[in-house]
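Okay, so chain A shows up in both of these, paired with chain B first and chain C after.
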Partner chain A sequence: MSTIKDITTLDGWAQHLSSLPPSTLLIVSFNAPWAAPCAQMATVLSTLASEYPVTEPPSTSWVSIDAEELSDISESYNVTAVPFLVLIRNSQVLETVSGSSAVKVRSAIETHAKQSAKPDGEQPATSTNGSTATVDMADASLAPKDAEKQKEELFKRLSDLVKAAPVMLFMKGTPSEPKCGFSRQIVAILRENAVKYGFFNILADDEVRQGLKEYADWPTFPQLWIDGELVGGLDIVKEEMAGDADFFKPYSAKANGDVPATSS
Partner chain B sequence: MAETSITESSLTAALTDRLKATHVEVTDMSGGCGQSFTSLIVSPEFVGKNSLKRHRLVNAALKQEIAQIHAWSAKCQTPEEWDKERAATGGSDGPPLDGTTGGKVDGVSQ
Partner chain C sequence: MASSSRTPVEDTIREKITAELKKRDATVSKLEIHNDSHLHAHHKAMEDSTSGETHFRVVLVSDAFESPEYAKKLARHRFINGLLKEDMKREGGIHALQLLTLTPKEEEERTRAKEAAA
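== the complex of A and B ==
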């Protein structure tokens, strides 16, 4: 599973760019560490990255750049708001996504990851957000906002976060190191059923931890979300499985054409 | 403001009272610390509700209590479902104890 590399110097950037084979999809995330939406986006991206195996040559490369620290790079890609995503292949910008929509980010990456580089290089750069005016920067500014607005923004981020993957698990700890018996059990169930899922460690982010309880109107973790809707916690997942052994089938890695055809 | 400590009996009483439960079993999984509980709740209020809705009903009924404890697990059945299960297993399964060691939850951190 791929991980995101932090680029901290101009040299590092140049080096990384030149090291990439022409077929690799380079996913560049511009962020500002003090901006909460960027923290959310970092999670969405690391979740996504973990779904892409490390191959030789690499099919995807994931990097993160502090937009203010390396402002030269930001300028060259017209980054005027954060979070900002740039997708590059063979030194060509394929697409950019401005803002914190997890859904847009995921679909842009999946679209381009599927296509291998076309030899005639006919991929025009597309921008999925019309105006990249400085208006968006306000999203990440430190200007005082009233509590109402902040909550609204938090809920907007949460609504994107729960859709970061078709199956999203909000748990205590991580799948490799669960910090709670219930989280551990739910991870085991997902593993047994070979479910492809994204996860979020709520112990690492108190804003999401408290916000999600309210957003979901559900007081506990773990929480499993499917297609942007709350399924429930461990008890409910067990009950659903007891009622229908194929409950997770559509989301299992075993689905999607891996079954050999048995035509008579 | 005095905070009543949460116990198996206090939860049982609350559930019986607020959910018109006909049968309630609550087990303290935290070795008596009053921090982790698992329960079996049988109530006609669950009829016609899917799993999520049943749990939401319980969460609403025990909102204050759940906010105070560390872990909560529940099995919500209608009287009919409970009768059927008892007939099938020859005795009630009781509250879910999966993943516990002798009724105690593993891996419960601070």
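== the complex of A and C ==
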């Protein structure tokens, strides 16, 4: 599974660019560490990255850049708001996605990852938000907000976050290090059924932890969401499986004939 | 009830559920409340807890769930969570609540399936 590499210097960036074979899809995430939507985008991207096996030559390369620290790079790609995603292949910008819509980001990456580079080069560059690029950081404004507006924005981010993957698990800890018995059990069930899923560690983000309880109208974790809808916690998942052994079939790697390159 | 109970939270759970179902004129063919707190007492999250009443597993069989609004498990769990909202929100209250919610018919099917598998 691929991971996201942090680029911290202009040299590092130049080096990375020149090291990539022309067929690799380079996924560049511009962020600002102080902006909450960027933290959530980081989760969405690391979930996505983990679905792409590391190949030789690499089919995808994932990097993260602090938009303010490396402002020269941001300027050259017209980054005016964060989070901002740029997709590059063979030194050509294929598409950019501005904003925190997990759905838009996922679909842009999946679209371009499927197409391998045509040897004779020209790929049209598209920008999904070309007309709305504004000077203020649209998703990470510094202006003080009143509590209601903040909540509205939090709920909007949550509604994107629960759709970050078709099967999304909000748990305590991570699948490799669950910090709660119920979270551990639910991970085991997903693994047994070879389910492809994204996860979010709610212990790492109290805003999401408390916000999601309200958004979901559900007081506890783990929470399993499928296709943007809450299924429930461990006990409901167990009950659903008891009632229907094929409950997870549509989301299982086995069903789609994919064999995971590495075991999770 | 002059004497104070040693299991106030468990009592609350029982009282609230039975009272609400009575109000709805529904049956309660089974209400089991298991206190699993001791299984989690050593967890970091529980280190400041002294109540011994933090983790519960409840089994409820009632014909209230035959109503179409309770067709989905999520709705049934939300119903019970709603009754116990304050107890779950309260500091030192219910930390974890496992629920098994069944209609009498579903319980019968389950028992039959278990016996068949045995």
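Simple rule for what comes next: the second predicted complex is superposed on the first by the 250 of 264 C-alpha atoms of A that agree within 3 Å, B and C clash if a C-alpha of one lies under 4 Å from a C-alpha of the other, contacts with A are read in each partner's own complex, and residues count from 1 in each chain.
Please note the rule applied: a residue touches a chain if its C-beta (ideal position, glycine included) is under 8 Å from a C-beta of that chain, and two chains touch if they have at least 3 such contacts.
Values in this document were obtained by computation on a predicted structure and should not be read as measured data.
After superposition onto chain A, the partners chain B and chain C occupy overlapping space and clash. Greater residue coverage of chain A by touch, when chain B is weighed against chain C, goes to B. Using the contact criterion defined above for the overlaid structures, shared-chain residue A:K156 touches neither chain B nor chain C, since it reaches no partner. Contact with neither chain B nor chain C is seen for A:H16 once the two complexes are overlaid on the shared chain.
By the document's definition of touching, neither partner reaches A:R209: not chain B, not chain C.
Contacts of A:R184 after superposition: chain B is touched, whereas chain C is not reached.
Shared contact residues on chain A (touching chain B in one structure, chain C in the other): 180-182, 217-220, 230-236, 239-240. If you check the complex, the residues on chain A that touch chain B are 172, 178-182, 184-185, 217-220, 230-236, 238-240. Across the interface of their complex, chain A is touched by residues 51-52, 55-56, 59, 63, 66-67, 71-75, 96, 98-100, 105-109 of chain B.
Within the complex formed with chain C, the chain A residues making contact are 180-182, 217-220, 230-236, 239-240, 242.
Note for the complex: chain C touches chain A at residues 39-40, 43, 45, 73-74, 77-78, 81, 85, 88-89, 96-100, 110.
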